[in-house]
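Below, chain A partners chain B and then partners chain C, in two separate complexes.
And now, the complex of A and B:
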């Protein structure tokens, strides 16, 4: 064995060995570990710098194709705050994200209970829950666009069978927001279902049995025992979903592109249109920063709620 | 508990499960049917459930040579190169993420390094990065350094999605491997290389394959990055949206495109359902 390969091997050994023997070995293993971590951190650090660069851009009058950039302070933000359409963007974003999270949590609990009922069909069809989550969101958006066509869409036909409709779905300002909320609910309710399902399985039969012996009916068992125990699961799922819904772009861009009018123009879509279609990068970046602050605030509130519930359960 | 349920309750529960499954599956079945119809069949009212299927839409989608000579008049669709782009970008992203990320997962699971939890949080936090806020400055940077509309640029950008996921998943899979196995192998005098190759890697393999499938899926899903940072190298999700021209609605051809983009993930479910569930729910499902 050559000296070099021995060296490499001993280096690897100190990196992999479960218990570092001497202090020198420990230091070397620490160094190697840091070396291993470095590329990943560097790649991601690039994005962090870009993030700050984006925040800086929101303070400039950067437009595509114009070489001279001026620092304008908060002018982009002040200009936004003065327009009604900006406040419409904010309210559409809030309505969209909060409604999808609440509706998906409710359906998620119901579906999880249903699929945890251990009836024959539940066991056969359990893999189906995963289906909407693995499809590209853009494909989901276009799939529903096809089905929501007011003239030839299958949805209006199905609703006409039970005497409802016809609806204009995403083509009318009155129903567009509700329609894209429906699409989001179809796509991401399974996310809640899978997580809550895992939570329900963590509850042992002993606990349920104890509740039953104490005379609790099944509804009371669910409300008093199961719901409090799965509450942390519901809330952690809500944290993830809230962040993703505030950032939702594909489903809305694939169906309505913010229209008709500005009835579905959430901040992310408006930011894209402002930056890449109106070529006003500074203003677009400002919209994204506002969106990011909303994400941060929403995430902090739901994380707090999650921590509170988790502490109460344990 | 199951025995205590009456027959009617069980029937009702089964019926509800069937209804839920139908709601989840029907849209896909309907799109598949749409993809096999002609334009006039798609526009028919009431919608047709029984019809003679045709593969014409798939031909229009892929047969670039015959572009212009379709039942839909003069249209030119190139769907093959977007698929090629998506596969190259997604596979490239997975390879880079696995090479860079799995060792990080091992270190975070097994080693003591300073600021370990901070590093872990920093990496995982990117799962929720405001991607669009990064893309606006990235567009200017990419234009300046010539990475706009290149595979290399796209694969690097996709790391913001795929790398945190690989690190997090491989860490959680390695934590599942009993540490005693590594210790025991070391006691028996196995060298470190042998430990990693003979003990850790074989046990990690199923998890690693599952994680790679999931990360491939996330890369396959991506739309926004491709929309803003590429044109000729745009992924298939961007090409899909172009099939929906305002005014001219080629629903059947678009449905064929949808079937292609959705067939890939459905195949992946069959390959590794449990791993996908675990990854998609951030480990809640094990």
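And now, the complex of A and C:
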């Protein structure tokens, strides 16, 4: 108690007492720093406020077009948990996001390795392969919708030339999810390729040379040396893509709108439909909060994996 | 042979010029008539600028083409903001429910309006129509078809929509659609097939067409997982089976979508889709229906009748002049067919800060003269005004040989056409759920359990 009083007393003294010249300078500097970061803090607080406003909306029965709003606690969440369609939304979201990230990582590694090689055609195709990444996702969706039309789409025509098909693509619940995964893979594999290619470029030739002198063949060099060294790059790309894939809206809404039935109804699409088509904004906000929690958990797990791999590589 | 083709082409061009020239002169004369017979001061809001939002649609084009006349008449500047269908409805919901004053006049249908009026997003129009300083004595609101006026009149009670003549008017009909069967008369005649009148007949016709015409799609209908695919073919045919979206049981509102009639309808409808529609059914919206007709890929379509009309205009489509019209198919044994109506209407944003000018624009855009001019220009082909359908200029145009039986079929269907949905807030949520269930049944889910689950879902939101 006495020690605490002494501390408080000295603290007060230092607060009241005249500040020495060097301290004064430091305080001014600290104040200036605070002023400089203040806008960023305010913007961050603004974002958080909007986010928590969204969370609050999920605890109400807010319906667009109806004037009265009631606080309903977790009723929206409980109502969602009781429906089979919600668990279908969660399952479709998880399958979609995990599938695209794994497939894109695999293709990304293969393409990056190809581009890092001295093969001439790979050098030519290097800029071309990045094209899907710069296309607006809604344009990608419309383009693939046309190509995947079971009657007049070019994909079925091309397959028919080799005696395959016709396939229903996005028009059948059996193939719709796989079809939109294919579209996502086509669009975003270049992102993985770009990041992993940068990682491969960072591996100096002397490491590969040392492996070669020790008798390692090219596959062993790739598996034992290159892959572990680029693993942090793969995982950091996976973090970004996982977050994006959990939130993917444009490609899915632009092609299937969540159908046929509920076969491609991920949480983001269902949240949008619930809020803006069905006007049930409170329920839609609850779906988005659940999606956010899944994104958060997925991102945290992947970041932990990235930190672990980075430590091991270091 | 070459000479003959040139002559025929020249004749066609001269004919088109005459029709278009005639339409422009008629339109100009009619619009001039608005100012000539004015009982109100059309210049009372001179200098005001308003924004009018609408779907990208030929109905909007019909008004846009005449806008300079309105601006000359009133001194009011109108900025049209036209959006693609899907984007428009989402943007409309957000603009109106957030009370944004950015849009003064909007294009709307009855069903979306039900979801917007309880929250006070739309301005009731009775006061404007009855105000002699704001509404011209020649406006004649009673000239709109009674079914349309009735459909756009309701009151809001306890956050819900209550239909009835004692309600308020929420929107003015601008153009409408009744649901019909459109068919390629040349193909059906070639294959010796008669126009199907019931779903079993439709299935038989499709089966025969698949054999006789392997390269074509027998029937296109909307199948997307939103209410827009229910409000055309599905609800029109369902009504003839005795299906009601909502019923009152023991004084309480309930859904009728798990009734025995509904099971019978869905069993037949799903069988029809499987036998007739393309495998892209789940992705087919009205764009695909129009494309099916214009490309010549589809033999039949059940949708809004004007799609057939526009594709009959010479040179507009592969099958121009060959698309004929019939009432929608009905239940076997039903006395008559049913046809739902969709009313493209103009409504006023309650948050608008220029309501007087907005009303003058709405009044002008839905006037007899502008409706008729839009009709004879071949755009606003389903005029909501009875006077248009009595007008010689329009009837002469619409009864041309290339439009086949458009006019008599319109008259037959219009006598029966009525709003097939129960007016209520929450329409979108229930009907979207119905559309999703329809897709599930078409994809193999058993009819009865799926309808029971749908009904439970709807009951949960009542």
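By our rule, the second predicted complex is superposed on the first by the 269 of 314 C-alpha atoms of A that agree within 3 Å, B and C clash if a C-alpha of one lies under 4 Å from a C-alpha of the other, contacts with A are read in each partner's own complex, and residues count from 1 in each chain.
Simple rule for what comes next: a residue touches a chain if its C-beta (ideal position, glycine included) is under 8 Å from a C-beta of that chain, and two chains touch if they have at least 3 such contacts.
As the structure is a computational prediction, the values presented were derived from the model and not from experiment.
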Touched partner set for A:258, first chain B, second chain C, both or neither: second
Per-residue contact with chain A, leading partner among chain C and chain B: B
Which superposed partner A:276 touches (first chain B, second chain C, both, neither): both
Touching partner for A:108 - first (chain B), second (chain C), both, neither: neither
Partner chain(s) touched by A:41 [first = chain B, second = chain C, both, neither]: first
Touching partner for A:268 - first (chain B), second (chain C), both, neither: first
Chain B versus chain C as contact partner of A:149, first or second or both or neither: both
Shared chain A surface residues [contacts with chain B and with chain C]: 145, 149, 151-152, 276
Contact set on chain C toward chain A in their complex: 90, 93-94, 96-97, 115-121, 159, 217, 224-226, 278-283, 297, 425-426, 428-429, 432, 436, 439-440, 442-443, 445, 457, 460-461
Residues on chain A engaged by chain B in the complex (per definition of touch): 9, 12-19, 29-30, 33-34, 36-37, 39-41, 43-44, 47, 50-51, 53-55, 57, 62, 111, 114-115, 117-122, 125, 127-139, 142-147, 149, 151-152, 154, 157, 186, 190-191, 194-195, 197-199, 205, 208, 233, 236-237, 240, 243-244, 247, 249-250, 253-254, 268, 271-272, 275-276, 281, 284-285, 288-289, 291-292, 295, 299
In the complex with chain A, residue positions of chain B that touch it: 1-2, 10, 13-14, 16-18, 20-21, 23-25, 27-28, 30-31, 34, 42-47, 100-101, 103-104, 106-108, 110-114, 119, 122-123, 126, 128-134, 136-141, 156, 159-160, 163-164, 167, 179, 182-183, 186, 191-193, 195-196, 217, 220-221, 223-224, 227-228, 237, 240-241, 243-244, 249, 251, 254-255, 258, 261-262, 265-266, 268-269, 273, 276-277, 280-282, 284-286
Touch list for chain A against partner chain C, complex: 64-68, 79, 83, 145, 149-152, 166, 168, 170-173, 255-262, 273, 276-280
